[in-house]
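Have a look at these structures, which come just after this line.
Look for chain A in each of the two complexes below; its partner is chain B in the first and chain C in the second.
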Partner chain A sequence: MSITSFTFVAFVFAALILYYLVPKRFQWIILLLASLVFYARYSEKCLLFVLVTAVTVWGAARVMQGLSDGRKAYLKAHKAEMSKEEKSAYKKKIRKQRKMVMLAALLLNLGILCVVKYFHFALAQINALISLTGGEGIADTYRLLVPLGISFYTFQAVGYLVDVYWENCKAEKNFFRMLLFVSFFPQVTQGPISDYEQLSGELFAEHSLSYDNYARGFQRMLWGFMKKMVLANLVAPYVQDVFANYSTYTGISAFIGALFYSVQIYADFSGYMDIMCGLCEMFGIHLTENFERPYFSKSIAEYWRRWHISLGAWFKRYIYFPIAMSNWSRQLAWKSRERFGQGISDVLPATIALVVVWLCTGLWHGASWGYVAWGLVNGLFIILSLWLEHIYAAWKKALRINESAWLWRAFQTVRTFILVTFIKVLPEVGTLSDGFGLWRQIFTEHTLPKTVDELLPALAANGTANFVVIMIMIVLLFVTSLMQRKMPIRDYFARVPLPGRLIIMACGFAVIIIFGVPAMASGGGFLYAQF
Partner chain B sequence: MHSFRRILGVSAAFVLICLILTGSLAWAFIESEYAYDEDRTLRRSLAGQVDLLIAGASQPQRAIIPSMLDESLGTYSYNLGGGWMNLIGDYRLLETELERNPVKDVFLAVSYATLTRTEASDDYEGDTYIVPRLETMQDKADYVLRCVDYRGYVSLYEYYVQQGWAYMLSAIRGEPVHNVNYDYRGWRPVTTKDVSLAEDKVDQMHDSKPLDVDVRDENVKQLQDVLTLCRDHGAKVYLVVIPLSDQRMWRQSGWDTFLDYMQAFADENDVPLYDFNLLKNRWDLFNDKTSYCNDNHLSEEGAKVFTPVFAEIMGKAMAGEDVSAYFYDSYEQVKDMSPYAK
Partner chain C sequence: MEELLEILNDINPDVDYDKEDNLIDGRVYDSLSIITLITRICDTFDIEIGPKWMRNENFNSAKAMWAMIQAIEEDE
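Take a look at the complex of A and B:
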């Protein structure tokens, strides 16, 4: 069931009607049924993968909770008769058991993710190594099923598992509630990756029908459809053409292709989020926000705090902090202080953690060297800014730069956007060398007459009207993003009288039908769904 | 309850505004002559004159030129063919034209898909083309409600709104918005394209895909209804098959099964069948380089060659002569003689 189809909209409204018709305590069951139907419509076989994740994570969490509760009860019952050492030994034993359970479930679920996602990539690397020694590679005749959204729901489930292990939250007793947490249809395909405490509070609460939730949710859905179906899909053909034939384009045309890719991926992914957040709002559920005007960031690090926020938060919580705050990391910092001084020891744990995080982030996005390089380049920029912070500060002081001046902030924003754009295209052009090839083309091929000759026809290849709509949508996106600095755009919209709002929304709907639907036929699915 | 009423009211208002906005675009297109086959006005203007009708989908529409046919047969013909036309569409158009014209003969073109296709498998494309061709609002509504699967409503709606927008843009830009050519009388000329198979693909593509030969009872019934309709109006029906490119036949297997079930249908319903894919001199007339606009359709050049030959053979058939000598007996024979077999 395509999210951009009338079938999906009809499905959502059917679920919505049932949701508010049943007694409130059963509302989550409607969500569970809807989620299972949604996933089964994609693939019944793949639903098994979701079930395996839900069963193992639920089971492991229950066992860990049982051990934890047993430990507390045991210690309470034997408080007086146990020595401090005995208590410590007992706690250690239980912690070890809990750790084993957590690791078993973690390995199983991450194992499934790794096998289905990285099998072909790993095999290709093994074959490359074998061919270096002159041997024959292993034939890659296997076609593995890749369940929809496996990277998203696995991370969400793993996050829950670790939270239970850390005793940040209690294990869910009801398996079906766990199944809903893993398979909740608005977020199973592309996130946001939510933590259990936050999402369960929303999913299992009783919600009353509210006009405000409905209206605001619907408006947001419509805006999301416009972003995805109209903007993302209309720029897609130009981007695809530039990426496929970058060597024939001039630097400016290739650069515009890269800029359009930034627009496409933002409109695509944030459009999806708007659709899903809007949909959930109609159900009275508030999902974690995944975007906060990321292209207005002033550094790469800030950009990653504002783009795909839930993934960044996940890596920070479950990988960055455990590494940066680990005992061995602190010992390393302590030892390096003696040898290299305070400055280096301060940033060393963070640097190690960042390298691991960005390597994982790259691999999470895709099984290719392009994504690995993409992750490491992002990490490199962030690490460099960490290491060179003092030098930057000295420069700024020497050059008397006023950091609060709008010109400086605008420079930082544009610089970050261009940097982000260059990094983004690296894995998307084809192979890693194609990615670098595009970079080279942008910087080296500058024939002005050729640019003039090729650019406008290429941009208007799918019709002048389409190009005009692209430009209007980009301006609209830019202006609304600027306006959001002061107040959410939907609050501005709420001030428009109802008839005006309805007419604007109807125009949006017509734009989707006229431009979005044909563009969907050529533009295809969501970019982030492949991750 | 207050929220519920408000949601219902505002939703209804939103749907209404959307319908007015998009519906007006759709309506502007449906009532126009923007698409080349929106021929209501043209057909109305010819009422009472037409004595020979050509019906079917896009193959006859592109292959048979009424003016050339008339020169040879001494008739006044009209080509009702239309893109992705289904049998219900054929029925509806024929019904109108048989009512208002002294039609004596109908050449009903059937293809490999006539008895096997479904609306859904064609993505309702045929329905989108047929509705604007129907005479009155009532006819159109009746067709949509009775003949279109509910899943096709979305396809129809999206198509008409998009076409309405294109129509409006053309009008604003001063581009032609009346695209029905009255001289062609339903024929649609299309530019030639070389559709021949590359040499290295010939062996690989041979019989690489079987033809869908699962005849649907529903389609058989619909075809019988068309025959009955024509006979009730005193018109004689001739089933004809329009030539496909050599490569199309070469690529697929199962053509003789199609011929067998089509011949069986013709025999059962006492209607003659002439399959022009089996023409013995087809390679003197057409070739994949210069006669087709794609795998399935003759181009303008192909039509200009085909129509006189078609007229000659059909003229003899209508006069009761035996024309079997013009044709091979099976597709296998044709494929054996195909340029790709050499």
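Take a look at the complex of A and C:
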């Protein structure tokens, strides 16, 4: 069921009616049924994968909770007769048992993710190695099912499992509630990746029908549909053409293609988030925000705090800190302090953790060397900014740069946007060498196009009206992002008198029907759904 | 508490640790400074700050950090 289809709109409408008709304590059951129907419409077989994740994570969490509660009760009952050493040994024994349970569930779920997502990639690498030795390799005739949103729901479930292990949250007793947490339809395909405490508070609370929630949710959905169906889909043919034939493009046209890709992926992904956050608002549920005007960031590190926020937070919490704070990492830092001084010792644990995080981030996005390179290049920029922080500070001081001046801040923003654009296209053009090929084309092909048709051939082929709409949408996106520095755009919108709001929304709807619906064929599905 | 304040002032002396209660949420400390901070706390107080303690509220103020250190000492 495509999110941009009329079937989806009808499905949501039916779910909303039922949601507010049933007694409030049963509202979450409607959400669960809607989620199962939504997923089963995609693939009944793949629903089994979601069920396996929900069952194993729920069961493992319950066992860990049982061990933890048992430990507390035992220690309380034997408080007086146990020595400190005995208590410590007992705690250690229970911790070990809990760890084994957590690891078993973790390995099973991450194992499923790895097999369905990386099997073909791993086999291709094995075959490449075999061919080096003159062997024939293994025929890749296997066709594995890749469940929709597996990277998203597995990470969300794993986060919950680890949180229960760390005793940061209590295990959910009701299996069906856990199933809803894993399969909640607005977020199962593209996130955001939520933590259990936050999302369960929203999912299982009782919600009343509210005009404000409906109006604000509808406005946000409309804006999301405009971003995806109009902007992302209209830009898509140009981007696809540049990526497919980059060697025939002039450097400037190829560069514009890369910039348009940045526009496309932002409109696509943030458009999806707007649709789903708006939809959830109609149910009275607030999802975690995944974007905070990322293209206004002043460094790559800041960009990653503002783009796909929930994934960054997940990696930080479950990979970055555990690695940076591990015993061996701290011992390494301690040894390096003796040898290289405090400065190196301070950044070493973070550097090791960042390399692992960015390698995993690359692989999470896709099973290809392009994504591995993409992750490592992002990590490299962040690590360099850590190591060279003092040198940058000295340069800025020597050049007497006023860091609060708008010109300097604008330079930082534009620089970061261009850097991010170059990194983004690396895995998207085709193979990794195609990604570098596009870079080469941009930097080495200096022919200046003489006409607009030569500069933007695919856009010219798609009509002037489409081009004008793309430009208006880009300006609109830029202006609304600027306005959001002070307050959310919907708060500005709420100040417009009702007739004005209705006219604006009608215009938005008309633009979607006139330009967005025909562009659906060229734009296709959501880019992030493939991850 | 004095030892903790010493560590904090060494990492970032431009903060009033008696009043500041938004060190993490307000991005006064980024993820690198947190690691430096935790490493030094572990070394100084001879404790293990496991991932379960890595919650913003435990590091948002000197007072919260001190409470966390005491809780870990008790737990160990």
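The rule is simple: the second predicted complex is superposed on the first by the 523 of 531 C-alpha atoms of A that agree within 3 Å, B and C clash if a C-alpha of one lies under 4 Å from a C-alpha of the other, contacts with A are read in each partner's own complex, and residues count from 1 in each chain.
Assume contacts are C-beta pairs under 8 Å (C-beta built on N, C-alpha and C of every residue); 3 or more make two chains touch, one makes a residue touch a chain.
What you see is a predicted model, and the numbers here were worked out from it, not measured in a lab.
**Q** Looking at the combined model built on chain A, do chain B and chain C fit side by side or clash?
**A** Overlaying the two structures gives chain B and chain C room side by side.
**Q** Touching A:Gln484 in the superposition: chain B (first), chain C (second), both, neither?
**A** Neither partner.
**Q** Going by the contact rule set out at the top, does A:Gln240 touch chain B (first), chain C (second), both, or neither?
**A** neither
**Q** Between the C-alpha centres of chain B and chain C, what angle is subtended at chain A's, in steps of 10°?
**A** It is 170 degrees after superposition, to the nearest 10.
**Q** Contacts for A:Thr248 in the overlay, against chain B (first) and chain C (second): which applies, first, second, both or neither?
**A** In the superposition, A:Thr248 contacts neither chain B nor chain C.
**Q** Just to be sure I read the superposition right, which of the two partners does A:Gln198 touch: chain B = first, chain C = second, or both, or neither?
**A** Neither chain B nor chain C is touched by A:Gln198.
**Q** Who does A:Ala465 touch here: chain B (first), chain C (second), both, or neither?
**A** In the superposition, A:Ala465 contacts chain B only.
**Q** For A:Thr413, using the defined touch cut-off, is the partner it touches chain B, chain C, both, or neither? Pick first, second, both or neither.
**A** Neither partner.
**Q** For A:Met505, is the partner it touches chain B (first), chain C (second), both, or none of the two (neither)?
**A** A:Met505: touches chain B, not chain C.
**Q** Quick one: minimum Cα-Cα distance, chain B versus chain C, in the superposed arrangement, integer Å.
**A** 36
**Q** Would you tell me the residues on chain A in contact with chain B in one complex that are also in contact with chain C in the other?
**A** none
**Q** Of all residues in chain B, which touch chain A in the complex?
**A** 2-4, 6-7, 10, 13-14, 17-18, 21-22, 25, 154, 157-158, 161-162, 165, 169
**Q** Touching chain C in the complex: which residues of chain A?
**A** Answer in residue numbers: 88, 162, 166-168, 316-318, 320-322, 324-325, 330, 333-334, 346-347, 349-350, 353, 386.
**Q** Quick check: in the complex, which residue numbers of chain C touch chain A?
**A** 31-32, 34-36, 38-39, 42-43, 49-52, 54-55, 76
**Q** Over in the complex, which chain A residues touch chain B? Could you list them?
**A** Counting only chain A, the residues touching chain B are 6, 208-211, 214-215, 465, 498, 502-503, 505-507, 509-510, 513-514, 517-518.
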